[in-house]
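Next up: some structures, all given as structure tokens.
Two complexes are shown next, each including subunit A; its partner changes from subunit B in the first to subunit C in the second.
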Partner chain A sequence: MPDGLVKAIPFEDLIAAARARSQDGWRADLNDQAKARYHVAGWPHARTESWKYTNLNALAGSDFTLAEGGAATGAAVPEDAILAIDAPRIVLVNGVLDPALSNLDALPGGVVLTRLAEAGESDRAVMASLLSEESSTDGLPLAALNAATLSDALILDIATGAVPETAVHVISVGAGENKAFAPRLLIRAGEDSFADVIESHVGGGAEVYFSNSVTQVTVAKGARLGHYRLQNEALGAFHVALTTAEVAEGAVYDNFVLSLGARLARNEIRGEITGARVEYRINGAYMASGTRHLDNTTFIDHAAAGSRSREVYKGVLADASRGVFQGKILVRQDAQQTDGYQMNRAMLMSDRAEIDSKPELEIYADDVRCSHGATVGELEEDHLFYLQARGIDRDTARRLLVSAYIDEAIDEIHSEPVREAMKQRAGDWLAQNLSGDGA
Partner chain B sequence: MSATAETVDQVKDLTADKYKYGFSTEIEMEFAPKGLNEDIVRFISAKKEEPEWMLEWRLKAFRHWQTMEAPNWAKVGYPEIDYQDIYYYAAPKQAGDGPKSLDEVDPELLKTYEKLGIPLKEQELLAGVVAVDAVFDSVSVATTYKAKLTEMGVIFCSISEAVREYPELVKKYLGSVVPYSDNYFATLNCAVFTDGSFVYVPKGLRCPMELSTYFRINAENTGQFERTLIIADEGAYVSYLEGCTAPQRDENQLHAAVVELVTLDNAEIKYSTVQNWYPGDENGKGGIYNFVTKRGACRGANSKISWTQVETGSAITWKYPSCILQGDNSVGEFYSVAITNNAQQADTGTKMIHLGKNTRSTIISKGISAGKADNTYRGLVKVMPKAEGARNFTQCDSLLIGDRCGAHTVPYIESRNPSARVEHEATTSKISDDQLFYCMQRGLSAEDAVGVIVNGFCKEVMKNLPMEFAVEAQKLIGISLEGSVG
Partner chain C sequence: MSLLKIENLHATIDDKEILKGINLEMGPGEIHAIMGPNGSGKSTLSYVLAGRDGYEVTEGSVTFKGKDLLELEADERANEGIFLAFQYPVEIPGVAGMTFLRESYNAKLRHHGEPEADAMQFLKMVRAKAKTLNMNDDMLKRPVNVGFSGGEKKRNEILQMAVLEPSLAILDETDSGLDIDALKLVSEGVNALRNEGRSMLIITHYQRLLNHIQPDFVHVLAHGKIQRSGGKELALELEANGYADFAEEAA
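Moving on to the complex of A and B:
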């Protein structure tokens, strides 16, 4: 784009408001550093390759005010929107921890939650370095914006060798019209630990808000972390979420994201495999109706030899919705014996829907096995006929087939209760969006 | 010695093999002064005795080019090109109006082709299988079998001749597939193209022989900008072969060609390329920058365009032969083998734009990367809302030889029609020790075993090459990878 057409970078007012709120010096410094990074990275436009298919003009053109979080909003957790999981909750309202809605006392043994505001010197230093350097999020303008407008930062520690008896459920509730919030979560799975962390991102009544979250995950040697997310935001919301994962030798990282809500959502996952025998799994499903725009962007960096990565994303696009999948696997020169698999399947349910898919391999090691695939299509007429011939009406047949198709992705999840909870929400979507209109 | 260790050694050995076609011909040349400005564009146009409308078109392109920036999205790196340091016109000096027959062609030139293995005389004798429109630098020096083709109504001549002799056809189709403003290199080509081939196959005719052009870059510091335009009228069929070799040079040479294909109802064009420009030495010194825009438009219903390419040369290849599938039931095909060795870089692929109903496209790409080379497949499959029942299948396989090379796959898939089916598959692998062992156990040498395996890897593409080319292409693959695996 010629320089003359580049609009002023948006959300300067949010940054200024956040800066004014940061009273203690070190936090203000972090805001300033992040602001500088945000300016260097620049707002993504149509020619920014990583945002090629997701236009942020509508977001940039909206006015938001910095949300005040916590109990003051009087928001409640929308029970029928979150994942129905029996687990202790950590509830964020507008990006800020709300202890009243959470059951922090019930957190299982081996799991420790620290708020940045109350963190000790060492945790504070870790968080400060994450927020100021962000090597893993360099050049990502929205991650820099997150740090510049930070709502709250939490550190979730899973102790070395811990096997907590329940999962932990982090719930982000967006409340209040035209609010913007930017939570940050740091998950540290200690060596040989075995835990599940679940996230539900939902709206608590308000229609339009802007959730710009960053989750940074480290999985230490031999640990196994299940990290599952439901994006079921209010239908007018903007949801931009970045997850970074650093996975060490012998660890298993099992990630799944189900995207259902928001007007525009971007789920970006950037993973770095730093040791051998890692099993890195990022899977997901996206189901869109109306004019929703759901973007899934992933990057897997095989920086060490002898690890495996697996990625399966499946999408259903109804009405005039648009799906975007961009998946990149990088295999570095030293990452011999890498085994990488990536698949994106999209199903278009309407002639106004659109899918843009870009699976990408960048490989510098020769002794590797990497494959990727992408397919786009519609429901098989033969399959529908088969079910109809057995007395099942067309609508039910469509729902059955789409449900089976999506379940294939959900079945990648290791944890059974999470699988069931995800299927329940996917089923809700099908009931609401795939009935009546035949086709 | 383990296969891997041997591979490394042999890749080293390979660089000792000097480029087979690395010789240059001493011929008196006629140059335009170095550099690029409107006067040069006018000079080229005047030299070609072009009509006013052609000059206007060139100037329009040149003015537009000055507002453009070189693309930087491809995964290739090279120092900035100084467009003022290139000769844009170089023609072998001739007495009179150009040769009427092969006897009149400069014997030095014919010798050059002999070394390349395409002696025209011999080919003329070869019972009319192939007609060659040989391009030596910028001017077509000989067109064989012209008389025979003319008799059947096929026009096969240089593009400059076509501009003079068939202005209506040229006006109608030139720039209709690749417009003057298309991209940086294509626009440059519009302004300064010096020659190329023009083919028109009339309605209902199946061109009885394969048409062929050999491009040849000879003069130092000469950019070669050919322009090829092939039109297959309703129900026509033509198979076109393009081969490229260039002598060894230390300075990089720019090659920015444009090829446009048009098929009307029920017509078919098969376009095959064997590209063997000088790839540079083992350190990436020298070699051709091959920045080519190739695009075909299936204008008519049931028409078909098929691209087959074997890319073994060039320091940098930037090339995306594409199909615009406008006509209902039209078919686009892209078969590619790209081999990079040493410091070569290739960023190649295709675009299939589905506009008409029931349009189909197939993409088969085989990338082989050795030495320190980078080999990228970059492709776009786009299904527009009206392309009811469109179908695409894409397969991209990469083979890595050695642990210092890279293989990359960057497909873009954009679908806006639910009845369209798009499938993409890609794999990356190496020649496994097991495969080698299996072959060698049956008495093949390591080198023959690799030959067998690589040929098997490329088979799907090679089988689409016309016979005349298949032999040469197989040899080229052998030469390119000789000893690089073991």
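Moving on to the complex of A and C:
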């Protein structure tokens, strides 16, 4: 690319706006450090390996203003878009906690919520170290941008040994037209705790906005954490999400992401398994129509021996939509007896739909069992005819078959109420998107 | 009045003519067998009647209950009372047998402007019918036909037929892949569904199925046309002489 065409790194104005708001010294320091990392990492371009299939030009070329922190927006939670789960809510509007929409008093015992804006010295220190640990060499410029523009962060602590009575539902609502915001959530599951945290990312009236979210998870020894996310943003929105998970000995991390919304969305999950007997599960489903682009990128780092990882992603791509799946599993030299399984299946509902699938195994240990696979298919005419021959009309038959296909991934979820809630939203998508068009 | 009337039916697949002028009339409650060598057009006839995509009717007509059958979609034909028991029932991963049956049953009720079935009563009804076919609850819960043996798949077809109560059942090579015990069980299931309001069109290569399900009429299909029609004794004659009489340019 000739020098004259190199676009300056985007969103400097957002960073400047955030910096101007950071009155206290420590937060200004965080912003500054993150800005430096953002510059070093650089904006992803076509040759950036981890962004090879997801072009961010449309995002970079859009104008956003930084969402105001704290001000009441009058936004409401779109009940028909979020996961319908009976659980206390922590609601973020444009990335900032909205206590009025939340049920902070109803948080179950054993769960403590801390806002960075109101955090004590020790939590600030934790946050500062977490933020500065994000390496600029990991090709994660958007995580650095998140840190450079965030106005608040939430820390969700699950106490050692705690088994909270209910799940906790974190709801991110995008409510400002052409606003950019940077939700940041820390989930720390204490030793031997057993909890579910659910995230719903939805639009609340605005059509075009940019949600650049980061969720950092640590699962301590022997803990079990269910972490389930619904991405059901407004259809004109940009959604870039990074989840990092560090999972210790004997812990179970059960993650699932259902991606339905946004014009362009990236769900990136980077996990590190640091002990033995870990059950690391990252599964998901993606359903796209129109010209939507849904990217799922995962990295599993088996850094310790004797653990298992399982990853099942299934997608349905209609019209001229595009799906991307990149799944890398790294098994380090010491990580003997690793058992890894990865599968990505995509169903194309139209000949204009596209899936780019890139599984990648990098194995340095010699006593491991790792398998991966990728399939692309379409609805089988035999199946459709069988259902039609039993009186089921073609549209219903299509929905029934696609629903069965997607349910297979959703069934990986450990929590039964979450499974049902995910199926409900997947069903909504099918009803809205698979009626009539094409055969 | 006839239930089904096929007149001079011609049909092609990929521009190749398979049915070359079929004439057949069936009254209510009648059992007709269509026998013929491989490649004679037997399965094509069953698919054309059931409304499968990919077959083009180039000439002729099919009237079912006084309606132009060829105007209807496959699901509409099913809801009007046509049931095709498949030669090779497909496996449908992820769709539970019971869900599938309920969808089909309710589709038929809706088609006739009736309210959907009560879930509990429907379950009871299906269980009772399944029991007579030696099918347990587990087979109903499992995804449709997934992991079923050949015999189990055929029994599942008969169960669907028992639940949907068609006025015309087309049994396409129902005996294929069945051992003698399975054949008996399936035949008993079919015989139990015989009544004066239900016609059956039994498509088969071999006579042995007709020992268990006695037809009123037998037709020989070869080269895309019905070459001969007669009573059930015609089946025995074919068993003795094979299809040699109908080889080559018999048409």
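We adopt the following convention: the second predicted complex is superposed on the first by the 425 of 439 C-alpha atoms of A that agree within 3 Å, B and C clash if a C-alpha of one lies under 4 Å from a C-alpha of the other, contacts with A are read in each partner's own complex, and residues count from 1 in each chain.
Rule of thumb we're sticking to: contacts are C-beta pairs under 8 Å (C-beta built on N, C-alpha and C of every residue); 3 or more make two chains touch, one makes a residue touch a chain.
As the structure is a prediction and not an experimental result, all values here were calculated from the model.
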| Which partner, subunit B or subunit C, is in contact with more residues of subunit A? | B
| query | Which of the two partners, first being subunit B and second being subunit C, lies in contact with A:385: first, second, both, or neither? | reply | second
| request: Report for A:373: first if it touches subunit B alone, second if subunit C alone, otherwise both or neither. | output: first
| said: By the touch definition at the top of the document, which applies to A:333: first (subunit B), second (subunit C), both, or neither? | reply: first
| message | With both complexes overlaid on chain A, does A:405 touch subunit B (first), subunit C (second), both or neither? | response | second
| said: Just checking: does A:320 make contact with subunit B only, subunit C only, both, or neither of them? Give me first, second, both or neither. | reply: neither
| query | What is the contact status of A:16 with respect to subunit B (first) and subunit C (second): first, second, both, or neither? | reply | neither
| task | Look at A:84 in the shared chain and tell me whether it touches subunit B only, subunit C only, both, or neither; answer first, second, both or neither. | result | neither
| After lining up the shared chain so the two structures overlap, which partner does A:363 touch, if you call subunit B first and subunit C second: first, second, both or neither? | first
| query | Which residues of subunit A touch subunit B in their complex? | reply | 49, 333, 336, 346, 348-378
| Within the complex, which stretch of subunit C touches subunit A? | 50-53, 73-75, 78-79, 83-84, 86, 89-90, 92-95, 100, 103-104, 107-108, 111, 143, 160, 164
| field | Interface residues, subunit B side, partner subunit A - complex | value | 73, 383, 385, 398, 400-430
| said: List the residues on subunit A that touch subunit C in their complex, please. | reply: 380-383, 385-394, 396-397, 400-401, 403-405, 407-408
